[in-house]
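Below, subunit A partners subunit B and then partners subunit C, in two separate complexes.
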Partner chain A sequence: MATRDSLPGPDPSVRDRLRFARQSVGELVPTPGEGIVGYVFLLPAFVLFGVFLAFPIIYTFYLSFFRFNGVGNDTLLWIDTGFFSYRLTSIADLEFVGLANYTTMFSDSLFHQALFNTTFILVVQVPLMVALALLFAVALDASFVRLRGVFRTVLALPVSANLVAYSTVFLLMMQDAGLVNYILTSLGLPAIPWLTSSFWSRITIVGAVTWRWTGYNMIILLAGLQNIPQQLYEAAEIDGATRIQKFRYVTVPQLRPVLLFVFVTSTIGTFKLFSEPVIINGGGAPLDSTITIVQYIYQAAFIDFRLGYASALTYVLIAIVSVLSAIQLNVGGDSDA
Partner chain B sequence: MSRITLYTVRKEFGSGGDKILAVEDIDLEIRDGEFLVLVGPSGCGKTTTLRCIAGLEDVTSGRITFGDRDVTGLRARERDVAMVFQNYALYPHMDVRRNLGFGLKLSTKLPAAEINQQVEDVAEMLGIEELLGQKPKELSGGQQQRVALGRAIIRDPEAFLMDEPLSNLDAKLRSQMRTELQTLQHELDVTTVYVTHDQTEAMAMGDRIAVMNEGTLQQVGTAEEVYRDPVNEFVADFIGSPSINVFDATVDGARLDGPGDFSYHLSETDPVDGLRTVRVGIRPEDIQLVDDGIELGVNVLEPMGNENFLYATLGEQEATARIDPTNRPQPGESVSFAFDEAALYLFDPETGASLKTKRDGVVPTTPDSIPNREGVESTTGTGPDTGSNDDQIEETVE
Partner chain C sequence: MREETRREAVWQFLTYGFILLGAVTTLVPLYWIFVASTLEESEFLSSTDPRLIPGDSFLGNFEALRARENVQFVGRVGEMTQYVDLGPVYFAYDFWNLWNMGAIESSIFVAGVYTILSLLLCSMAGFAFAKYDFRFKQPIFYAILATLILPIQLLVIPLFLLMSQIGLTNSYWAIILPWLANPLGIFLMRQNMRSIPDALLESARMDGATEFQLYYKIALPTMKSSLAALSIILFLFQWNLFLFPLVILDQGKYTIPVAINQLVGAQRVYYDQIMVAATLSIIPIFILFLFLQKQFVSGILAGSVKE
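Then we have the complex of A and B:
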C-alpha cells in the first residue's frame, strides 16, 4: 500500500509547504463572491435595459424642460494622449425653458384635437371590443357549440395580422368606391364616406382596431371563463338562478380580474394608437379628425423636431394613462375573486 | 318536505359507441323526512343518481316525483331542493352573509331585512354568527362546511341532497359533523339523500341505506338489515368493516370443504341443496378462537385497543378475525377457530345471491321502529323478507 512517504516526487514536507503556500496565495487573491458572479450574468440585460429603456425614460423627462435647437456641439470631455484624441460632445443643443412646454399644451388646439380623437376612439372602441370579446368567449365556452376549435382559431387569427398590412387592407376596403361601399350600394343602402367624413373616419379606425384585437382579448377571457369552477354554476342553479342571473352573479364576479386586465391593457393600447390612423387616414385626415396623441407626438418630435415639446407631451400621455389605469384598478379591483 | 320516488330511472352519458351507462333502471322511494344514504364504491352511479334527483342531470328514461309532483322535466331551480357539494362550492366573491342569503334573494320575493333576519337565525343555529362578514377563503374547512349546510337549511327546501359533504374534513371533525348533521336533520325533518362511499358513515347516519354497484341498486334497508341480511355477496362484502371473509367451498351432502382444513357439517342443508360449490361467508367478529377447530396461520396482529384485528391465512385464502384484546397470537403461530352456523352466510357461486344470511335471533330495526320519525307514514314495514313495501316500487334488484 502506498503511504504518504512512499509517493514519488519531492519530499513530503516540501509538498506540505507548497500546498500551504498555494492556499495562502489563494486567500490573498480576491475571489468574486456569488453575488457578483450573478450580476455579471445579468449584466447584458441590465445594459440593454439601461441604454434602451431607463436612459430614454429619464432623458425624455429631462428634455421636456428644454427647447431643442439642433444636434449638440458642445464639448463635454476631451482626451488627448498625443497619439489620438477623443472628444465627447453633448447629445443636443438645449435651451432651458422651464415649464413652458407644459403650459403651451393648454393653448395647443391640435393637441386638444388629438386628445379628443383618442378619447372618442377609446370610449367607443374599448367597451365595444370587450363586449364582443366577452360575447364570443361565452359562446365558445358553452358546451353546445360545435367546432369550437375552428371558431376559436378564426376569431383569434387577426392577432397575427401585420399592423401595416391589415391597415392597408382596411384602407382599400373603405375607399369611397371600395368593397364595403360596393356591398352597401348593392344592398340599396347609401354609400358611407368612411375616410372623408370626420365622424366616419374615426369609426373606421374603431372598426379596424376592434377587428384586430377582439380575438386576442377573447382568448384571454375564454381562459378566464374556463377557470370558473363548474360547481359554482350548479350551486347557483340549485339556489334558483336563471341563466342571466348566473352570468351576473357567478361569471362576472369570477371573471372580474381578467376583465380588469383586458380593460386596462386595451385602454393603454388604444391610447398608444398610431399605425392604423397613419396608414388608413394618412396624417390624420380629414382635417386632423383622426390624429391621435401618439401620432401628434411623432409629428412634433420627428417632423417638426420640437423634441422638448414632444417629450412633455409624452409625459402628459403617461400621466393620463396612469390615472386612467389607477381609476380602473380602484373601481374594479378592490374586491378579490 | 316530501316523498321522493324514482321510477326506473336510467342515465346514459355520451351516445353511440361511447355510451356509458351510469345508472341502470333504479326504482327507489325515499320517504317523507327520511335520511337515506346512497352508498357504493367509486363509479357505482350514486352521485349521478343524486344529480338526477337534483335536476343537474337529465334522466335518459324513467320518472322522478316529489310527493305527487312529477319533476322529471323540471330544471334544478324549479325543483326546490338544496344541495351540499363535496367541496362546498361556496361563492368565493361573496361573504358568508351573502352566500347564505343568495338562494333566498333569487328564489323568493322576501325583503332584504327579512332575508337578513333568516341569515342571522341560521348562522346562530350553526354557530357561525361571527363569520358572517368573512369570505369563504378566510374560513377553515369545518367552517366552510357549516356555511354550505346553512346555505341549504335557509332555503327550507323539499329535500336536502348531500354529495359526500364530510369527505374533505379530518377524521375527528368528520365524526363530530356526522352527529351534528343527524341531529340537524332530525330537528328539521327534511327528506335527505346523502351520498357517500364510506360504509361506516352510511351505517351510522342513514335511516335506511341504499347500496349501489355498477349503476344498479343492490339493496335498500336499515343498517342492520343490509348488514345481517344482505341480498348478495357484493352487499355483504361492502357493508361491514373489516370486510366479511368469503371463500369457495365444495358441497358434499351436508359437508362443506373449503381452503386449508376448512370443513363444516351443516345442520340445515336446504340452502345448498343441488349445488356442487358454494361461496361461504363469515364475518370477522363471528370467528371465535378455540383450542380445537379450523386452523389459521397468523400473519399480522393489529391492536385496536378495545379489540385486536387478526390477519391470517386459511389455506391459500386471506382471512380476518376480530378477537379479544387479551388474545395476542404472534405472526407465524397457528390458531384454531370455530363459528356458529347461525352466523354463517352462504352465497350462490354463479349469481352471488344470498342463500343463507345471519340468523342469530337478533331482529334488525326497521324504518318504522326508528324513534322520533313523526313524518314517516306507518305503512307496511320493510322486514328483512319483504323485498318491497310499495306496489309500484321494487326496492331490491336481484
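Then we have the complex of A and C:
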C-alpha cells in the first residue's frame, strides 16, 4: 500500500471510470456496491438515532398535547405460541387536551419562578464567567508570564470534575459553619447565609457554576487568541496603542466569533442547569428560590407524573435553546467567512 | 523611560496576582474535599476553628461509607451463599453475583462501555458519510446535524416510557443505548475522515481489501488523535449524566451522580462520608486529566468547532 501511495497517483480504477461516465450522462444511480456499503456502515448508528433520538424528539412534541393517565396497557400486538407469548402494548394511556399544557404555563407560578431563577443566574453568571475566562486567557497569553503550562493546567482542572461530586464540595463549603464563612469571619466580615437566604443561595449557584466552567471557556478563548495574527498587534504598537487599547481594538474584535460561541454555549448551559440546584440546594430550597427549568421539568414529570405538561415544558426549553443556537450559528458564521 | 519600566513592573505584578488568585480559588475546593475526607465531620464543619490540614480518619470514613445500607458507593466482594453446579452458564452468573458493583465501578463500567461502543458506531457512521455515496445521504446527514443543537439529555420523558415498555428500566443498557449514536461524534468523525485520501482507499481496494478492512485497517488508525479526543468527550458525557440515571436506575445499580444524590438527600447527612465519595469520584479523573491533558483540550476544542 505504501509503495502504491508514493507513486504519482493510482490509475483511475474501473470504478472511478464508471462513476465518471455515469456522472457525465447525469445519472444519479450510485456505483454498484457502494450504496449498500455506505448503508451498512451507517445502519447501527441510524437505527439507534431513529429509536432513541428522532422518536423522542417527535414523541415529546406529540405528548405535549395530551394528559398522561398512566403507562399504556392497550394491546397492539399479541403473539401467543405454545412456547412463548409476546404482548406489545401502547406506550402510554393518553387523553387529548389540545393546547391546554401550553396555556397552563401562563398561570403556573412555579414555572415563572423557575424561569426567573434561571434568568437571574444567567444574567449574573454568564457575563461574570466569560469576563473571567477572557481575562485569564489574555493573562496566560502574555509573553512575560512564566509557568504558563502549569497555570493553564490548574485553571482547567475543574473541567474534569464530576458535576454532582463537585456540587457536594460547594454544599459543604457554603454551610453556615463551612469554610467560606470561616474565612469571611476571620477577615472580620459578617458570615453570609449562603444556602438559607433566597438571594445568596442563587449567588452560591453562580459561584459553583463559575468555578466549574471558567477553565473550560478559558481553553476555548486561548485557542482563539492564538489564531489572532501577530501583525495586528505589531501594527497597533507602531500606532502607539496601549495595552488596554490593544485589548479593546484588536483582541476583542478578533475574538468576536469565539466570544459569541462561549456566550451562547454558556447560556444554553444555564438553561440546562440541574445537578447544582438539586445537590447544593436540595431541589430548589429555600422556598423554590433556586429551582431551575430542568429541575421543574423533572419534578413535573417524575414526581407529579404530569408527563404531558412536562413535555410541553421541555419543548419550550428546546425552542429557547434552538433559537439561541441558531442565532449563534448565523452570527458566528457571518464573521467566520 | 523609567516611568515606563515601573508601569510595566506594576502591570506584570497585577497579572501574576490575578493568575495566582485564580489558581488558588481553583485549588482550594479541591484541597478542601481531600482534607475533609480525612477528618471527622465536627473537625471540618466548624465556624470557629476548622482543621485545615489532613487528618487520619479517611479509612474510617471510607468504611462507614461502605457500610451504608441504602447506597452502595464502593463495591464489595459478597459471600457465595449457595453454589449450584449447573454448568458454565450458572458459574458465570455466580461470578458476577460475587462481586457487587458499587456506584464507582458502575460509573466506570457504564462510561467505558458507552465510550467504546459509541466510538465504534460514530466512526462507522462518519466513515459512511465521508467516503461513500448513497441515496438520501445528505438528508440523513442534515437530520443528524440538526439534532446537534438540541440538548439531547432532556429527551427523558419518551425515553422513560420507551424503556418501561421494552423492559429496560433499572438496566445499564437504558443509560448506554440512547446516546450511542451521538450526533456530535458522528459529525466530528465525518469531518475528520474526509481528509483520508480517496486514492489510498482505492489502492487498498485494488489490493483486494474488503470495505470493512478499509475501515478498520486504514480509516481507524489514521484517526487515532480524533478518536482519542472524541473518547474524552463521550466518556465525560456519560460520566456526568445525572437526570436520566436518576429517573431510570434503582438502588443497587446507581451510578456516581445518583449515589451522591442519595447520600445528600438522606435523613441524616454525613458530610465526611460524602467527601470520601466526592474525593473518590473526582481525584482519579484529575490524575487522568494531568496525563491526558492534550486529549482533554483537543476534546474541548473539538466540541467547540463548527464548520
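The rule is short, and it goes like this: the second predicted complex is superposed on the first by the 280 of 337 C-alpha atoms of A that agree within 3 Å, B and C clash if a C-alpha of one lies under 4 Å from a C-alpha of the other, contacts with A are read in each partner's own complex, and residues count from 1 in each chain.
Operating definition for what follows: contacts are C-beta pairs under 8 Å (C-beta built on N, C-alpha and C of every residue); 3 or more make two chains touch, one makes a residue touch a chain.
Model, not experiment: these values are computed from the prediction.
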Side-by-side fit of subunit B and subunit C on subunit A, or clash: fit
Residue contacts on subunit A - larger count, subunit B or subunit C: C
First, second, both or neither for A:199, with subunit B first and subunit C second: neither
Touched partner set for A:78, first subunit B, second subunit C, both or neither: neither
First (subunit B), second (subunit C), both or neither touched by A:116: neither
Partner chain(s) touched by A:305 [first = subunit B, second = subunit C, both, neither]: neither
First (subunit B), second (subunit C), both or neither touched by A:254: first
After superposition on chain A, the shortest CA separation from subunit B to subunit C (Å): 6
Residue ranges of subunit A in contact with subunit C within the complex: 1, 4-5, 9-10, 13, 15-16, 30-31, 34-42, 44-46, 48-49, 51-57, 59-60, 63, 71-72, 89, 91-92, 132, 135-136, 139-140, 142, 144-145, 151, 153-166, 168-173, 175-179, 181-182, 185, 191, 211, 214-216, 219-220, 223, 243, 261, 265, 268, 271-272, 274-275, 278-279, 282, 294, 297-298, 301-302, 307, 310-311, 314, 317-318, 321-322, 325-326, 329, 332-333
Complex contacts: residues of subunit B adjacent to subunit A: 54-56, 75-77, 81-83, 85, 87, 89-94, 102-103, 106-107, 135, 151, 155
In the complex, subunit C residues that touch subunit A: 11-12, 15-16, 18-19, 22-23, 25-30, 32-33, 36, 44-50, 121-122, 124-125, 127-129, 132-135, 137, 140, 143-144, 147, 149-162, 164-165, 177-181, 183, 186, 197, 199-200, 202-207, 211, 215, 236, 239-240, 242-243, 246-247, 256-257, 260-261, 264-265, 271, 274-275, 277-278, 281-282, 285-286, 288-290, 293, 296-297, 300-301, 304, 306
Subunit A residues within the subunit B interface of the complex: 229, 231-232, 234-242, 245, 249-250, 253-254, 256, 335-337
